[in-house]
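Right after this note come the structures.
One chain, chain A, links the two complexes that follow: it is found with chain B in the first and with chain C in the second.
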Partner chain A sequence: MRTGASIGRSLGPKLWDDFFKGSRLACARLITLVENFPESVPEIRDKLIPRQKGAIRVGITGPPGVGKSTVTAALARRAVKAGHTVGIIAVDPTSPFTGGAFLGDRVRMQSLIGDPHIFIRSMASRDGHGGLSPSTPYVADVFDAFGMDRIFIETVGVGQAELDVLTCADLIVLVLQPATGDIIQALKAGIIEAADLLLINKSDLSGTESLLESFRFLFEISARPKAIAAPPVLTASALHNKGLDEVYKEVEQLIHGHVESGRIREKKRLRLEGEMKSSVLQDLWGRFSALTNAPEEMRTAAEDLLKNGRSPYPFIRNLCARITMEIRDERTNRKDHG
Partner chain B sequence: MADKKIKIIIAKPGLDGHDRGAKVVARALVEAGMEVVYLGLRQTPESIVNAALEEDADVVGLSILSGAHMTHFKRVKELMDKNGLGDRLLTGGGIIPTKDQDKLKELGVGKVFGPGDDLQAIVDYIRTWRGSGGA
Partner chain C sequence: MRTGASIGRSLGPKLWDDFFKGSRLACARLITLVENFPESVPEIRDKLIPRQKGAIRVGITGPPGVGKSTVTAALARRAVKAGHTVGIIAVDPTSPFTGGAFLGDRVRMQSLIGDPHIFIRSMASRDGHGGLSPSTPYVADVFDAFGMDRIFIETVGVGQAELDVLTCADLIVLVLQPATGDIIQALKAGIIEAADLLLINKSDLSGTESLLESFRFLFEISARPKAIAAPPVLTASALHNKGLDEVYKEVEQLIHGHVESGRIREKKRLRLEGEMKSSVLQDLWGRFSALTNAPEEMRTAAEDLLKNGRSPYPFIRNLCARITMEIRDERTNRKDHG
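Up next is the complex of A and B:
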């Protein structure tokens, strides 16, 4: 039987043994665990991280239907041909109304199925709001420790908010298509600034040239610091398998360049710092809330502030001061008892 | 531990026809809160089981209208067992005579549904399977 409990129990020495021996089923099960049981994530990552070899995580993002899955499949195929082992994480949206999800990205990845050097995993975005599921980075950790050295992460196509991918990928490919009118949409997303490579897919459709032209113009007027080069803009037709050798080559060149320059290492370090910060904050807040009735107080304060039209800063300052005091007290207590 | 969402593969093996029926069922399952990995048309038993394994799916659902249900179900079941997925539910739908349904049951295949069956019956069946201790 496959209940939550039985899956939990399956996290034993046998599963780890199988996983490190290269069992794909064990890999799949481990992914299920990190995806479904957040409380098991620290224990699992403790074991995974020492085994990781620093796989490069490539985020593939862009509006719905532009061809992210088709492009991902094309890049994965080329990566395998070049001798890499590839993990693909394909995220599709969870319905906010039913909690269910239709995960359809595999349909565009048919040609990869059965290749022993590729492992595809579909994920629902669940509670994630920026195009990924909260556990997506941990799934990448599983792939990395399993021996994959290229991990492609396809985000949900949500148009303007795929920024989660920034906190998860070493390199970002933004896929767009012509005939979407203009580049305003992409500009709003703010992701153009973050993209390492812009890919105009569906170059078989008309409008490609004018979209290219808009980008050229955009980068000319852009206020980017000179040190950061405008990202390369390429065109391709994934459906007709045109231009993808060039895209793959560019991706590998960028990876190579960013490894050499230390930029990828810097990104990995920043991600780790960010993770530590948010974990510490979460932990502190959890403990403070348990010690005091701060959440309750906040609620009362919020009602009060609203009613009287007051600014929240005095309350915030007061609460922060008390947090500092709690920490100090705890330290003194520990000294006294230990 | 919190209960995990049900993950189910929906595929159409063989070369026949369209996948309208499969899509309708997939949609009903999504509306019931499940996570459906949709594979679509022209799947081989190998590609289906490969997907089931990578996705660590709880359930595999096949839609077969071609009449080749015995071959497909049998082969998929064999491959599932061989790949360590023997504890997952294999179910599906199509136009399947009662005597074949019995044979499929003997092979370890779960209930199979016909065109006249209510979508809710499929949802309930999967939920019950999961809730009652599985296959």
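Up next is the complex of A and C:
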């Protein structure tokens, strides 16, 4: 893979040396490269992956305003106390980590920011659609190779955004709060079925009991595969520092259980296979569309088909056949001229 | 494209004959085939597309509970009155069209169900993730070829689901209601930027003025491209039948404007190009992965790479190269044996 000259310079042996010696500045630089130069990701990951120790990636997700950042901060503090080093990736645009929230929240985060065992990275949601930036899993790779063994990924929304988290997290914590309709949306989005732990935050508010009751009812009627037990439901008040010890303990127990059962390894394998498939497809498309000038052809064909009210399938079949032939001809030509 | 024997029988000349003669039963059957047998879609669309007259597809979207179905019904009634024939596709699982809502709502829909100028189809959200079923645009194709010239697609959620609508609708109406935080979520999901019309329903509730004020502020600071004007913001109370005439008029004016400016044609072209690309990729992947036994290989490689902490890129590059070679060899072999 080629990388631009400026990236080549930044990615010199000095950066790697500093990074593996534990320089936080080098870590931050590497993350910036991963975020801004997708074409440098393979080169970077070639170096990172052999140094990774299999950090556990915990997705913290839920609707805006339920206190995900406070929960994340509380879990991070407890993890550090237990001897872990922690990476936090905040994709939520309203997160105090990303500077989008009230001053009070941001002040509460200050203690974390100074902690040498915690590394916080705020990420823009690049596509502007609330989803995770495509580089999120690679930022987690950087943290992993840097030596973090617990990586918290905080993301917002109820819907597809959480499903993005699912594909890059080993464990999902869904945070809700009482007396909102969010449970309905989370249900629709398929998040509750995927969550490993349900946390009702702000349990000092009224409505907690009835939300707990809804969950009990839900799991009775749930379409969850029998092999997967209903997830634990805990209550906490992160703001008043109540119940968080239990939440942290439960998270660590779940991690332990899923490591033992091989479930986390299975998730990592499926992620890797998905990555392979999309890389191969992207590569094939890049080469074949260059050979056949496909993008321009598709544009012309689309205009023509729309104008004349014709079906796209004959064109699609023809394009597929020609792509195959072009590859063959490319080889023949090379033989002839080589 | 092959289709199963049973589909082959269902898709006989009689069905097509009935369909083009205007049989609602044949239309319903065709939709069922499109929904349940994706492999029959190309054969069906080959017949549909030449008969399509370019129906306008209007996406009605917004959070649960804002009254999207009532708005949809109101617009449908007015469209019929103005001489249009209307197709309604309801993907929202809580929609009264799909039977998921309160009895009162469903009763209000009864008048529509009996109308010969309106065809309603409820669709399950197949993946269970709140998104549109992948067959939604093809159901719209059936309606279009059946002679509907206004197709309303009602979908729920604030987030990725609406973005799905964007890709299959010519015009987007975003429905919100006062005094909820939905505007924040819609903003994050990038929906407001994509909406052609913003409708504040339930305008009899308090908070309407401040929501209008938020929109005004929003459009002042908006990152919307300069070429695209801020969308009109209307208020209505669908339940009390207030303001809907204005909404319908505005929708028709927008349709007229976007047809004139070529924007709708541009959207249709981009959709078609996207469809071509993903069809080609799917076809290539199907054939190449069969040639190289790629899925099994990827699984073994993923296990191996994870165990030994190695980067996937050498494997990916190797697989891409071998896929190309296999295609070439396939041709050589055919020449040798043919």
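The working rule: the second predicted complex is superposed on the first by the 260 of 338 C-alpha atoms of A that agree within 3 Å, B and C clash if a C-alpha of one lies under 4 Å from a C-alpha of the other, contacts with A are read in each partner's own complex, and residues count from 1 in each chain.
Heads up, the rule we're going with is that contacts are C-beta pairs under 8 Å (C-beta built on N, C-alpha and C of every residue); 3 or more make two chains touch, one makes a residue touch a chain.
Because the structure is predicted, anything quoted here is derived from the model rather than measured.
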First, second, both or neither for A:Gly65, with chain B first and chain C second: second
Chain B versus chain C as contact partner of A:Ile120, first or second or both or neither: first
Residue contacts with chain A in the superposition, chain B compared against chain C: C
Which of chain B and chain C A:Ala301 touches, first, second, both or neither: second
Contacts of A:Arg269 with chain B and chain C, given as first, second, both or neither: second
First, second, both or neither for A:Pro42, with chain B first and chain C second: second
Shared chain A surface residues [contacts with chain B and with chain C]: 1, 94
Chain A partner contacts - residues on chain C that touch it in the complex: 1, 42, 45-46, 48-52, 63-65, 93-94, 125, 127-131, 156-161, 163, 181, 184-185, 188-190, 193, 265, 268-269, 272-273, 275-277, 279-281, 283-285, 287-288, 294, 298-299, 301-303, 305-306, 309-313, 315-316, 319-320, 323-324, 327-328, 331
Of chain B, residues touching chain A in the complex: 1-5, 26-27, 29-40, 46-47, 50-51, 53-56, 58, 83-85, 87-88, 130, 133-134
In the complex with chain B, residue positions of chain A that touch it: 1-5, 7-8, 24-25, 28-29, 31-32, 36-37, 39, 94-95, 98-104, 106-107, 110, 113-114, 119-122, 124
